[in-house]
Each structure stands twice: as C-alpha cells, then as structure tokens.
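Both complexes below contain chain A, partnered by chain B and then by chain C.
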Partner chain A sequence: MRARSAGRSLGAGGRRMADAVLFEFLHTEMVAELWAHDPDPGPGVHREQRHTRVPTATCSASASCPPGCGALCVRKGQNMSLSVLEGMGFRVGQALGERNPAWLPPSSSPWAPQAWPGDPPASAWPKCLPLPPRLSRETLAYREELDILKFLCKDLWMAVFQKQMDSLRTNHQGTYVLQDNSFPLLIRMASGLQYLEEAPKFLAFTCGLLRGTLCTLGVKSLVTASVAALPACKFQVVIQKS
Partner chain B sequence: MAVCVAVIAKENYPLYIRSVPTENELKFHYMVHTSLDVVDEKISAMGKALVDQRELYLGLLYPTEDYKVYGYVTNSRVKFVMVVDSSNTALRDNEIRSMFRKLHSSYTDVMCNPFYNPGDCIQSRAFDSMVTSMMIQVC
Partner chain C sequence: MSRPTHRRPEYRKINKDLFVLTYGALVAQLCKDYEKDEDVNKYLDKMGYGIGTRLVEDFLARSCVGRCHSYSEITDIIAQVAFKMYLGITPSVTCNNSSRNEFSLILDKNPLVEFVEELPAGRSSLCYCNLLCGIIRGALEMVHLAADVTFLQDRLKGDSVTEIGITFLKKPEEKKYRRKK
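Presenting the complex of A and B:
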C-alpha cells in the first residue's frame, strides 16, 4: 500500500516536470512558427522576395504592390500572427475554464473516489496537480468578478504555470492588473532589459488564455500584456460591459 | 436510467438533446424547454442565499405524473437536464448525481476536443455512447 502510493506520487512528480518543459518548448515553437519573418530584410533583397516571405490575406506575392507596401504588409503579417497566437490561447482558455474548478465530491461522501493522501487526482487537471481544498466541492463559487479574477490568479496560474500570480490590482471599475514577477515563459530568456523588444510576442498566447477562461466563466474582457523588465510582466484585463 | 438527456448552452439553446424513441418525442423537448425556467429560478435564488453552499446539482426541478425532471448547472452556465420515469422508484438521488457527474466529465472532454467549436451542437460519438449507457434500453 505504501509502495503503491509512493510509486504514484513519483509518477505524478515526474509527469509534472515533463509537462512544464514540454509546454514551454511547444509555446516557443509556436511563436517561432507563427511570427512573421524579419521586417527589414535589408536593402539588397528584391521587393518580390520581401512579399513572398510574408503571408497576409490582402497582399499576395506579386511585384505590383506599391513601393511602401512592403513594411505595411509585414506589420499586418505580424499583427495577424499575434492574433492567431491569441486565438489559440483563447480556445485553450475556454477548455480550461470548463475543467476548472474540478467538481470532485467532498471526500467524506460515499461516492468520492478513494484517493491516497497526497495523491493528486488524475482526472480533473491537465497536469495532475494537487487540488486546492476549496475547489474540491461541487459548488458554484463565483459571487462576483473579483472572485473570478482571484481564481485566475491562484488556481488557473497554478494549473498552467505551477505558481501563483504575484499581485492583483484593480480600480474597482472593471480594470484589473495582474502582475507576475517571474513569468515562466520569459524566465529562460533574460533577467533585465535584454530582449525586451522580443518579449511581447511570447505573451500573446497567455493573453488569449486569460481571455478564454474569462469567457467561459461568463465575463467578456480585453486582455493586453506589457513587459517592463524580464521576466516580470503585467496583464491588464479590462471587463467589457455589454 | 434516463428517458431524456439534454445539454443546454449558456444562451439557452440546446447543444445536445436525446430521448428514448417513442411515438411522441416532442413532449420531452417541451419538458426540457419548460424546465429551463425552473433552472433559472433556482440559480438566481441561490445567488441571494449563502453563495458558498451553492451546489452544481440542482435536484428535482419539477415532477409530472409520469416523469421527473432533474437539473445540473456548471460554472460556465451550461445546463444539463435529465428526465426520468416516475415509475422507476429504485433510482436514488446518489445515482442521479453520479449520472450528472459523468455527463459533466464527458462534456468537459468535448470542450477540450480541438475539433469541437464551443457553441456548436455536440456530435462526439464518445459523448453519444456515454449518454446511451445511461438511457433506458428500448427495443
């Protein structure tokens, strides 16, 4: 019995480490793949080549584009890839919002699954994390927006990034600023001002994730992110009143 | 064993509705439709009461002479409605709860399916077979 639970928790721990690394790698590859190519290819590059490297809906690869169009096309391409990334995050956030909070029955009830102490439940979370005790009941827990935002900061961030958000501020009029001082997707890049220009595109997916989770929980919002110094970043959530 | 199972979206249109094939399936659709009022009433009533104790399982919504209707709502305001035969007295509350839990679990899996667009009708065969397993076997 003891060996079985030890084996289980070892397996869960191993899965947890691999999940985080796999997700970070997948995310980096997604950004690399979707991000439009170098906006300034240099004076030696032919105008046609500049266009063919950028997939946009409006500008096809032809030499008939006006001279100033190259940079605009690239910017459109970059904006589109940012919104594609954000859209992916949105869809994932919608699914995550449905899975959370887990709706396991209280452990005292007769039909609760028999779990070993300290053993994370396999079914509810994508990365087999131990559930915070408050969520393991069949309850509708959200009284108001602030509760939902607190859920995002604590439980969603714990589920996806294995840490909680560092601070949540609000002006009580529908704007919330979530601050993470060591964002896991930026932490491997730099710690300071290096790569500051490249950092925002690595936040697009996470913005979508926040927006998707909020959407499932019934809150329409607009999420933007900003980086002042890696790896700290801020997510600004503005609730849209319909 | 249920006679009719329905999944209703937040905007109160059916994502999935399936009933035992009888001569008058429309009456089940009608029952599910009228039960939505009761669901809304229960959700808003609970909103004023002790919020922490609000359960996802709503219990018996209303009984008719032949059938009983049970409800369940998720945090994303998706409702599950189940109609069972009144004559089946062996069906206890526990079993209804566990049926709803299975429904919720399968619905979560459907949501996580990348081929499913949220808001579309549910066409997953896995979901279908799970619902079949909890419906009365007729014919």
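Presenting the complex of A and C:
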C-alpha cells in the first residue's frame, strides 16, 4: 500500500519540516518492510471490530471472541510485527528521553510538596500535623503524573510531530486517553474508514515511543492505541503501579 | 510547571535525533533478522529506494531547482541542496572519470552515525548507511535517471572518509531534462 503523494501532505496541517518528513517516510517503509516478514493473518482476524487496538496482550480465542474484546485477535505472526515495531519505538523513546535531561520534571522527588497558590510555605506547617488532604502523597503522585502526561501531549508531540495532542482525558486513577484528531503518521493514508485495519501498524511504533519516554521519566506504563476513523486516533496510557 | 512555550531549536534537535535513533533501531532489528551482512545491506538499500521514490517529490516541492543540463549539475544539487535540506550536511563532490558520469560524494560529517562508534561485532561488511544509497537511487529513477549508488569508502569500516559513488548509467539525451513541478 503506497502512501499518498507529497502534494497532499502539504495541504493538511501545513508543511512539515524537511527532517520530519524523513522520519515519516522511514516509518512508512519500516511498517511495510517489517510487516512483510510475517505471514498474513488467518480467519481468526476479528474483522467486525470497528476499533482495532494495538495489542500488548493477545486474545487467544478465534471465532468466538466476544465483541468487546480490546485485543486485536490475530495469529501470532502479525502480533510479532506489531510488538517488534512497538519495541523499536520503546528503545527510541528511551534514548530520546536520555538525551534530553531537561525533560525531567522540575522536582525530581515525587514526594516533594508542591505549594499551591495561596498556601503558606511548607516551613510554616507544623511537622507534627499531617499535610492537608489535597497535598497527600497520592495527590502529589497524580499531580506529578498529570504534569508528565501534559508534557507528552505538548512538548514531546510538538518535537516529534510539530503539533500538540488535541485532548487529554484522565480518570485520575492512572489511566489517560490522549487524542490526536489528525495524527501525522495516518494523514497520508486515508480519511474515514478506509484502511482502518491497516491503521494499527502505523501506531505501534508511536505507542512504544510514548512508553519509552515515560520509562525514562520514571513511569512504568502500558500504551495501546485505537482508531475509530482516520486520521484521528487515541492513545491509552495506563500507569503501572509496582 | 513553568516552562518556556517556544523551544524551537530543541524541537528540531529532537526531531533530528528521532530520525537517527529510529534508523539505528531499524539497523539493529535487521541485524537480528538477517545473519548475513549482504542481506542487511540489500534490505537497507531496498527500503531507501522506496523512500527515495517518494522523497524526490517532497524535495522538488520544497526546493526550486531548475532544469539540469548535466550529470554534474544533478550531483551538485544532490549534495548542496538535498543533503543540506534533509540531513543538514553538504558533502563535497568530485568527478571520477573523463566521461563525466561517475561522481563521488565525500561526507565529512554523517549525522546517521552520530550514536555509532563502531560496527557491531561480526558485522564488518555492514554498510550502516546503505539507506542513503537506496534513497539517491530511488530519487534519481523517479526523474528518469538510472544510476548505481554504492559506498566506496566508509569511516565505520576504518577508511579515512565516507564516500558515496554515483555512476549514471545512461548517456544524457539531446533534449534537456524536464523537472517535475
């Protein structure tokens, strides 16, 4: 499957930097090339699913897979390609994070009290009393996490894709959904429902990239992606608590 | 979190790093998949070819190169415009023969190998940057120029410079070339 001509990409979302284009083309070739090494999925592929997810866990059922199954039901071969791409993205994300120590959040200790506007300084708080509820350890951890996710949505996305993430939602319990309405690696493919089945291949590397960057920032996570209609996609980040 | 909102130079650096690191991950993966260096080289060239056939359109849309009248002009454009645009370097060009269809690009700096100190053990004939040869070959073919593009020298293999050789395979026609707009 060929990507569309360069003329198209110059319209949607503006012209990307020349070196960004190089990464995009390399990514497309990688998806095509690494995919070619594995056999086609057999009849077990769940074609009715409108939301195809990049799997980190496979569903072992075949025809009897329940409709709400989040994992893409494929034969082992196809799954290997997605995890290979994801693994590469992970290593690149880690390396990017390591080469950019300025990315680390300002306070390296997650337990450092973050003063809210209007709070008395920490030194004024009697040490014998517990911190007020909104500065509890859990809240601090989540505020830190949220800052990290916001950083991914703004700075990382800007550096890698020259745009910010369109929306970030969270349940405040460690699950975040990052939505990009015009994901650059999908824009060249199609819009709407055409090639929906191909879309996960183009998201695997980026899932790994997110997971790798988070890893360098000290956050263990599981990242999956889903596409309802190209070129919009959602990345789901679930923080793993050890 | 107080952060400056515009950090353009850093974004560009990260974007460059992204390409170089991704390329490194790709080479590492291909080395895992293929035992023979020739196979890895071949795949890198093939992938580069696929990229080149599409990159040339992007290049022509961004640059405003006019018509070229000779192989030497074309090679100059590859070195001074294309390499500069995409990789930020300007290789020097030498002509290797009197019939003026064999040229060399001498790469003083090579951003693709920024994080590579030496070739992996047991991979002494790996052409780490073979993607570049494929890209040049694919791009030239899309403008109807057949060429052989290979690495003649490689710093990673112990040579003093990195040299890409371009051999144009057909004689120029009487008509001037038309560039795609």
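Criterion: the second predicted complex is superposed on the first by the 142 of 242 C-alpha atoms of A that agree within 3 Å, B and C clash if a C-alpha of one lies under 4 Å from a C-alpha of the other, contacts with A are read in each partner's own complex, and residues count from 1 in each chain.
Operating definition for what follows: contacts are C-beta pairs under 8 Å (C-beta built on N, C-alpha and C of every residue); 3 or more make two chains touch, one makes a residue touch a chain.
Predicted model, so just to flag it, every value in this text is computed and none were measured.
Novice: More residues of chain A are touched by which partner: chain B or chain C?
Specialist: Counting contacted residues of chain A, the larger count belongs to C.
Novice: Should A:Gly97 be classified as contacting the first partner (chain B), the second (chain C), both, or neither?
Specialist: First partner only.
Novice: Please indicate which partner A:Leu217 is in contact with in the superposed arrangement: first for chain B, second for chain C, both, or neither.
Specialist: In the superposed model, A:Leu217 contacts chain B only, not chain C.
Novice: For chain A, which residues belong to both interfaces, chain B and chain C?
Specialist: 91, 95, 99-100, 105
Novice: Which residues of chain B touch chain A in their complex?
Specialist: Spelled out, the residues of chain B in touch with chain A are 10, 46, 51-57, 73-77, 94, 97-98, 101, 104-105, 107-108, 111-112, 114, 118.
Novice: Hey, which residues of chain A end up touching chain C in the complex?
Specialist: Touching chain C from chain A are residues 3, 5-7, 10, 15, 17-23, 25-27, 29-30, 32-34, 37, 84, 88, 91-92, 95-96, 99-100, 102, 105-106, 147, 150-151, 155, 158-160, 162, 205.
Novice: Report the residues of chain A in contact with chain B in the complex, numbered from low to high.
Specialist: By the definition above, chain A touches chain B via 91, 94-95, 97-101, 103, 105, 110-111, 123, 138-143, 216-218.
Novice: Within their complex, state which residues of chain C touch chain A.
Specialist: So the residues of chain C in touch with chain A come to 1-3, 7, 10-12, 14-19, 21-23, 25-26, 29, 33, 43, 46-47, 50-51, 54-55, 57-58, 61-62, 85-88, 115, 131.
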